[in-house]
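Once you scroll down, you'll see the structures, which are given as structure tokens.
In the two assemblies presented below, chain A is common to both, partnered first by chain B and then by chain C.
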Partner chain A sequence: MFKRQGRRWIVLAVLTAVFVILLFQMGWWEAALRTIFSRDDVLYPTASLIALVGEHMKLVALSSGLTVLIGVPLGIWVTRRSGQSFLPIVTDLTSLGQTFPPVAVLALAVPLFGFGLVPTVIALFLYGLLPVVRNTVAGLASVSRETLEVAYGMGMGRLQALMLVELPLAVRVILAGVRISVIINVGTAMIGAVIGAGGLGSPIIAGLVQFNTAYVIEGALPAAVIAILLDRFLGNIEKSLAFSPGERNG
Partner chain B sequence: MIRRLLSPDTVAITGVITGLVSLPFGWLTLKPNRLAGGTGLSLTDGLGGGATVIIVVLWITCLALSLFGRRRWQVTALGIALNLVVIATIFFTGPAAARLIGDAPTVARVSPGVGIWLTCLGAYIAIFSCRQRLKGFPLWQNLVSWLGLLSIFILLGTGWLDNLSVIVEFKNQQAQFVRQLVNHVVLFAGSVFAGTLIGVPLGIWAARRRRAEGPIFFVTNIVQTVPSLALFGLLIAPLSALSLAFPVLREWGISGIGAAPAIIALVLYSLLPVARNTYVGLSQLDPAIIDAGRGMGMSRGQLFRKIELPLSAPLVLEGVRTASVQAVGNTAVAALIGAGGLGWFIFQGISQAANDVVILGAVPIMALSLIVDSAMRGAVKVATPKGLGAR
Partner chain C sequence: MIRLENVTRLFDNVAAVDGFSLEVDQGEVCVLIGPSGCGKTTTLRLINRLVEPTSGTILVNGRDVSRTKAEVLRRSIGYAIQSVGLFPHMTVGANIGVVPGLLGWGKERISARVNELLELVGLEPRQYAPKYVSQLSGGEAQRVGVARALAADPPILLMDEPFGAVDPLTRQRLQVQFLRIQRKLKKTIILVTHDLDEAIRLADRIAVMQSGRLVQHDSPERILASPANKFVHDFVGVDRALKRLSRISVEEFIRPTPSVTTSATREELSAAIGGHRSVWVVDGDGRPIGWIDRASLRDPGQLNDITVRADPAEMYVTGSDTLHGALSRMLGLGFKSLPAVDDNGRLIGEITLGDIEKATARGENMDHV
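Showing the complex of A and B:
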């Protein structure tokens, strides 16, 4: 079982290394895209690929960090006695928020926060909140009453039981929520380019406006790879935290 | 006794406090023309003194009721008062907009400001709480749930709000709106339909052949992970190459941008939820039930049609629901590659820095996804066989 896990990590590390090396080889991209599209202006001129990826990752890291910092405590709070009455409304509002198109969240954030980074991070944060809160609640709810009784019986206080029993038992489900949220954020960050947040959406938008499909590929391909690699990365962490190694969780 | 008297409903109080906090914000935004920056107007300047008094008094009444009300009539009264806040806010906005626009009715724009949105959010939170506490009393619950919404629809229908910028934009682009709405529905519904036609057999295949399970979910999972804009983008190049190579495709309207890449991407996205739920639905069936069917002399086809399909139908439909809600949202992005749909207004609004146009696209998308969601929930309920009980 440890062997299998080790292999998963090695495969991911190799793929990531190859991807990062490719990101720096602008010459290869240019050559490849020139052959495919038989035109000269195949590379997005405003920023290098690695810079675009950097911007993109910055957006995702900031917003996902914020989501976890606020979403997990929120999820914990609504399962405690003090916040229990807020559980339905928090669930309702976060899922209602999810129905609002992310593009529109971005657009409406502009008049409040201006163009660029800040509105995008805020919109991404709000949009990624639902899976984290939902999974934190579900993970904590899955801890059985008996387990908790045992913890209290051992003389644990509420905080101790939360930190030593409930959270460790729920961490896998919570991480699954974080993974969904991060992947959503990678996708929504693409659209941030529409309001000038940069990132891998910019070459796509530029390509669509100027009818240059090469730009579109330059943005779309790395974005797809990043999403897949991040998904695997978080998925691997999730699996390595498994308490029962035989069990797999979609 | 004291605890019974003073057992405040914290959720409702949070909503009411949100409402009270909204009062000092800007309630209306006035723009001399649709492209200019707006000026925020306070509650008194915007809606007028009379309206201010009524709204403040209503919110204070709500505060009092939320602090003390535990009995059913008190909760109902709170719910009605909250609805009245919303109705009063929207009601006074109509004439206020007309007054503010004054002598420049075609160019000036009046839109709701942060104050109005916050008041509505606060009322929503508190109404939500009232509805929860009125469970088991459908008459009162429905009254509290629908009174405000219904009144807003009546106000909209009678033209009372015609001077609000969103309505002005809607009137200006009515034909376009209908066209893009139809576009949106056709795009997402058609794609999910096609996705179901492909996804269900995929799920059945995965459940029947263990060897197929891995590859099927590996691929659909990866597709699901790829961001929508990236997937749209990746489809553009091969599709435009195809349409260049085969002119007949161009005659059918298939090209690199437009509806074709959008539909393909949306179909691909709906595969995972549908296939996975079909797979789970079939795998979780109790083998004893299948055995019983076989013992009754059913053929494989009969087993499938009479036992497996009906018993897994709720889960399959649940997958279709997930796919539909997701598709409604993703279709909004499809406007960027020229597929049309309500997202068209959002991007139009962004490029013109006109929020009203953004809202004109966003709110119907939201409504559409809520409608689709509850319709599919209803379908799941109907499809659940009686023996399986309430899920």
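Showing the complex of A and C:
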């Protein structure tokens, strides 16, 4: 069963390595895009591709980290006795966070936090909060009453029951939420370019303004690949945490 | 050891347990029984404080349980429920090791204990410890449940239908094993069931409950022989004479019986059969293989040829069988007696239908005690 696991990680590592190497080969990009679009200015001139990807990843990492760091404890808290009465409010607010367009959040955040990284991260964080909180709540709710009763009946305290029983049983559902949130963030982080946070949104916006589809491709293609690689990465973590041997051999 | 004094527990102003008093002695198996909703599970959970009483006191070892921190109390009381209680994300070994872990035992001590317990419940440790719960059969899961309840060697065990979710055959095997383990460990056990046969087989004393109240608390024999009221009478049913037989072990009714081997001479055969209708035939190791009827004595053939052969596994009884089992086998085979064998399968005597009838009559007389 570890063989299969190992193979999954090796495939991912190879794909990632290929992607990173390609990012450095600006000449290849230029050549490829030139043949497709038959024009000369096919590469976004302001920053190299690897720098753009770096900025983009920074946005995603910061906002997703914040989402997990706050979303998971929030989800746990509203399922505890002390926070139970806040469950409806928190669900409503996180839903609002996602229905509220990130662009609008940006517009509102700029007067408060200025331009650049901070307002973008805040917008992305709010936008990605819902799946994490909702899946944390759902995952914890899926632990059966009997199982919990037994945990308490054996002499576990509330924290022990949470750490030893509830979270391990809920972890796959929680991770599925994180996965969704991160993937959404990779796409949504494009808007950071609007207020100068950089990232792969920059060539796209430049391309849209200048009617240069090549720029758009230069931004969109790596973002798509990043989304796929991250999805695989988190999927692998999810699978390696499977406790049921049936699924492990899957 | 365990004492409930006038305990009442209300749920939304309805009493689940109502003025309930019960005393369970050290080393005793007390079975709580009654129809569903009679409050037996609630009573069990009052003892380890999964439910708090509305009024009344519960004493364990003379100490009021409400004075002990719930977690600490629970770690000193084994708790087993139907197989759903095993944690699906842990291996069998980890499941058994939970309470020792909570008590802060070292890793090696825990794994030694896990092996010891798996052996006790008849599961090969090296094979079963790394398995996940989803890889176990129902019977295996329940054995693991029992092993887990025993993990920290608690003096008290609370068991809520521990053999509930398995087929009747497996259930019976688990019950036999339970009794064997209990004879060795002598725990104080309160077991909840709705299965009267299980109660009769396992209990030292049975507590019959009806809508939160204790109706009768007595030995299985007494409950069967003299039900306290119509409720208990109806609950134990009309076949209580038969049920009583499952309390009596075959052991004391085994009477010595002659036997012959197929190489015996005619004279030996005549001497062995004496005034009986038939004689058991055993192989060289003393294991029963069949019998010879008196009518066949006139047959001049070899002993081997006049022997009526039967499947030994189907006909013999052992000392740990109950009269109930022996009787049902007799009726099934149409025999008036069955050979009894020791642990090695060697003939040690026989048990007869007449003796079982006498035992039944003896029980009936208890009605008038």
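One rule holds for everything that comes next: the second predicted complex is superposed on the first by the 241 of 250 C-alpha atoms of A that agree within 3 Å, B and C clash if a C-alpha of one lies under 4 Å from a C-alpha of the other, contacts with A are read in each partner's own complex, and residues count from 1 in each chain.
In this text, a contact is a pair of C-beta atoms (placed from the backbone, for glycine too) under 8 Å apart; a residue touches a chain by one contact, two chains touch by 3 or more.
Since we're looking at a predicted model, the values are computed, not measured.
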> Between chain B and chain C, positioned on chain A by superposition, is the outcome a clash or a fit?
Replying inline: fit
> Looking at the overlay, does A:154 come into contact with chain B only (first), chain C only (second), both, or neither?
Replying inline: second
>> Quick one: is A:11 in contact with chain B, with chain C, with both, or with neither? Answer first, second, both or neither.
In response: neither
> Is A:69 in contact with chain B, with chain C, with both, or with neither (first, second, both, neither)?
Replying inline: neither
> Given the touch rule stated above, what does A:168 touch, chain B (first), chain C (second), both, or neither?
Replying inline: second
>> For A:141, using the defined touch cut-off, is the partner it touches chain B, chain C, both, or neither? Pick first, second, both or neither.
In response: neither
>> Residues of chain A touched by chain B versus by chain C: which partner has the larger set?
In response: B
> What angle, rounded to a multiple of 10°, is defined by the Cα centres of chain B, chain A and chain C, with the middle one as vertex?
Replying inline: 100
> chain B to chain C: minimum CA distance in the overlay, Å?
Replying inline: 16
>> Can you tell me which positions in chain A touch chain B when the two form their complex?
In response: 36-37, 85-86, 88-89, 92-93, 96, 99-104, 107-108, 110-112, 183, 186-188, 190-191, 194-195, 200-201, 204-205, 207-208, 213, 216-217, 219-221, 223-224, 227-228, 231, 250
> In the complex formed with chain C, which residues of chain A make contact?
Replying inline: 144, 146-147, 149-157, 160, 164-165, 168-169, 243-246
> Residues of chain B touching chain A in their complex?
Replying inline: 9-11, 14, 114, 125, 128-129, 132, 222, 225-234, 236-237, 240, 256-257, 276, 325, 328-329, 332-333, 336-338, 343, 346-347, 349-350, 353, 355, 358-359, 361-362, 365-366, 369-370, 373
> In the complex of these two chains, what residues of chain C are touching chain A?
Replying inline: 45, 48, 50, 70-76, 79, 81, 84-85, 87-90, 98-99, 102, 132, 134-135, 148
